[in-house]
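These are the structures in question, set out in turn.
You will see two complexes here that share chain A, one where it goes with chain B and one where it goes with chain C.
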Partner chain A sequence: MGSHTITSRTPGVFYHRPSPDADPYVTEGASVAEGDTVGLVEVMKTFHEVKADAAGTVSKFLVENEDEVTIGQDLVELET
Partner chain B sequence: MTLESVLVANRGEIALRVVRACRELGIRSVAVYSDADASAAHVRHADDAVHIGKSSASKSYLNADAVLEAARSAGVDAVHPGYGFLSERPSFAAAVEEAGLTFVGPPSSVIATMGDKAAARAVARSADVPVVPGSDEVSSADDAVAAAEEVGYPVLVKASAGGGGRGIRPAASADELRTVVVEAQREASSAFGSGAVYLERALQGPRHVEVQVLADTHGSVVHCFERECSLQRRRQKILEEAPAPGLSSELRSALCDAAVRLSSQVGYVGAGTVEFLVEGDEFFFIEMNTRIQVEHPITEWITGLDLVAEQLRIAGGEPLSVAQDDVVRRGAAIEFRVNAEDPDQDFLPSPGEVTGLELPGGPGVRVDTALMAGDVVPPFYDSLVAKLAVWAPTREQALARGRRALAEYRVEGLPTTIGLHRRLLDEQAVVDGTYDITTLETWLEDSPRG
Partner chain C sequence: MIICQDPGLETTVQDTGRLGYYSIGFPPSGALDSFAYHVGNALVGNEPGAAGLEAVYLGPTLEFTEDTVIAVTGADIPAFVDGAEIPLWESVAVSSGSVLSFGQLRGGARPYIAVAGGIDVPLYYGSRSTYTLVGIGGFEGRALRAGDELAIGSDARDPRAGRRVDASDVPVHPSTAEVHLLVGLHSYRLTEDSLARFTDTEWKVTPDANRVGYRFRGAELEFVPREQPFGAGSDPANVTDCGYPVGSVQVPGGVEPIVLLQDAVTGGGYATLGTVVSVDRDRLAQTKTGDRTRFVPVDLDGALEVRKDRLGALDRIRSALA
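Presenting the complex of A and B:
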């Protein structure tokens, strides 16, 4: 078992869910395939989906919903 | 009751624009700012400033409670909302009114009416202003298909609570419409909190022409002529000009008269913009923006009016400084929106530090920006960082002046739309003034990049 960290490709605001009333994309303990959406980053009023760049199990969110993030910041930790 | 102090509930170039108007009128200005904007130009130039929250827009400039609290603590007598953010939220305007303060704009009830597409169309019809053929709200796919028989294909499915080009989907046939209506209702429900949608005829290559109006609290309404805003990408304007090229004087008069009729009908107060689609000799009302507009400088160039100062005087209860006959247009003006976006990467937002900056100047050149060398463009807000507006006695001279000013303009550290504007001014449809709302997107798909 290894671990992998998904990082933000852009600065902005991180969201766990596609819209305020929706369910989160993934929760801790969920398994994801490469290419699955795990979050959303809003930058200048445009929204960019954060995709898993490896398959694994979500072990930890490293940022809270609506946290401000910088480019390259660690977002989600996967167990691979 | 002249205004003595104003809270400027915005950021960036428009906040600075309002601060400047206040200073010239002897009004005390109070800025608001988020964490990211602590040292921004609109804060530095205002008389006072109040911190209202963290950097993200929802926790600062979109937080109505925080903005109202800032207004109370600063002891202002009015709130200027600028554009975007809270400017067209009836609930915010109502809260300002209830706090005993003056909202620099129309009454909240008017914002509510004109912000509701169906209600706005009803106002237009009652003012004898043509609207795009369309339906009432449709509740099901069957309902929509029946309504589309009347409206005529192709249609657009639009969210009643949408705006700024969001929540619009095309459908060319009944089959397509059945799918699209369901998707549109779902999207509208999650994006706008209301699933209400209606249909509208999709025009084939119309032009977007809008009319600036000013209305005071004494019942006077004047128009300040039109702006041509057809050069749009994803329904976001990128370049605007005044007057609209190729508009006959009959059509211009009809448009301007219609805008005044509609504004009078709804009891409008303040500066507002009535937007139309123009196709051939026909024009159709699409919506009214109940606030100052990004592209207001080109109207100021051709009329010599100060629209933001007029807003502040109107809010203070003063009559308009001009009668209709005093509003005279002269020459031609063009505005170029400078966005922190990379046109070569599908307009990817490009926040970051501006390491070098050289602004154009000289005759007939105006730059509205809050961005200085060394500033960081934060990722939390709109990508518009500056507006270059040029004026000259003729359109041909204005184009030449635009080319000259754009050649002088240099932003280092992040990509912007300046290069795109340079290329656009070599485009024949732009030079000839024959473009429509489809021109820019078609050109972007076809033109070589780099």
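Presenting the complex of A and C:
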């Protein structure tokens, strides 16, 4: 078992869910495939989907919902 | 032709802008980082004013269906042709079938892609710049999407690979950008303390920072109490409507100042406390959400000096690349 960290490709505000009333894209313990959406980053009034760039199990969110994030910031830790 | 395989976050066709229509409410649009845009054209041997591509944060992935010469300028971002990293601020030959792609931004915010011959989209009111808010100019009036096919112009003056900008002329992107501010027109509306606080504060770029304007956070500013004149409304941040200079700074509610940029509204009723010197919008364009910015006050002579120096440097670089 290794681990992999998904990082942010843009600065902005991180969201766990596609809209305020929707379920989160993923929760801790969920398994994701490469290319699955795990969150959103909003910047310049546009939303950019954060995709898993590896397959694995979500072990930890490293940012809170609505946290401001920078480019390269660690967002989600996966067990691979 | 260029085929857009992946548009990045927001990639648009831009040139020097749609000048001459400000008085009827048309902002100029055009490349936000004018220096990077102009140098890109000089590198690939274009006439000044040829249209190029402006991206932000995420570079696009572009396939070329003909041999041409390109240059990437502006932000510090790894750029690759067919997977091999290419130098920035240097003209590079690409072959038919080659794919240009980008890695993770290291510094700045906006990469510019110049192509020999320019991007051939129709002129709209004298410019190829995209004004996305109303959907005019550029490629169908919008940011690129996957599958778009862009024609390349054929009027390059002298396309040639291997032209390079001297390292000392490549802008650096400090963690705190400094931009010069010509104070006025309504700076008298702020208390003396607040005006000093504005230029003393390191302002943080919020996520609301795009081609229309940049919104900042970092301090609260207070207006001088007064009985509002006719037409100004009751908000102390308001004055009677006036034209907004491009680059002007307004502070709705006394919090979160906004610098208006090339796609912004041309007039309104917020007090303008100062205007960023035009050539320093290049620096602002290379700051990103989370970065810090300081506004350095200058008087008119100082502002003209800053502009003269920067445009002189651009002329010198163009001559060296010709």
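In the analysis below, the second predicted complex is superposed on the first by the 80 of 80 C-alpha atoms of A that agree within 3 Å, B and C clash if a C-alpha of one lies under 4 Å from a C-alpha of the other, contacts with A are read in each partner's own complex, and residues count from 1 in each chain.
Note that in this section a contact is a pair of C-beta atoms (placed from the backbone, for glycine too) under 8 Å apart; a residue touches a chain by one contact, two chains touch by 3 or more.
Owing to the predicted nature of the structure, the values given are computational and were not obtained by experimental measurement.
Trainee: Of the two partner chains, chain B (first) and chain C (second), which one does A:43 touch, if any: first, second, both, or neither?
Mentor: After superposition on chain A, A:43 lies in contact with both partners, chain B and chain C.
Trainee: Name the contact category of A:4: first (chain B only), second (chain C only), both, or neither.
Mentor: In the superposed model, A:4 contacts neither chain B nor chain C.
Trainee: Figure out whether A:12 sits in contact with chain B (first) or chain C (second), or with both, or with neither.
Mentor: both
Trainee: Looking at the overlay, what does A:72 touch: chain B (first), chain C (second), both, or neither?
Mentor: Once the two structures are laid over each other on A, A:72 reaches chain C alone.
Trainee: A:21 contacts which: chain B (first), chain C (second), both, neither?
Mentor: A:21: touches chain B, not chain C.
Trainee: If you lay the two complexes on top of each other, which residues of chain A touch chain B in one and chain C in the other?
Mentor: Comparing the two interfaces on chain A, one with chain B and one with chain C, the shared residues are 10-13, 42-46, 68.
Trainee: In the complex of these two chains, what residues of chain B are touching chain A?
Mentor: Spelled out, the residues of chain B in touch with chain A are 54-56, 58-59, 190-191, 340-341, 349, 351, 379-383.
Trainee: Over in the complex, which chain C residues touch chain A? Could you list them?
Mentor: 9-10, 56-58, 104-105, 207-210, 288-290
Trainee: So in the complex, the part of chain A that touches chain B is made up of which residues?
Mentor: Listed in rising order, the residues of chain A that touch chain B are 10-13, 18-19, 21-22, 42-46, 66, 68.
Trainee: List the residues on chain A that touch chain C in their complex, please.
Mentor: 9-13, 42-46, 48, 68, 70-72
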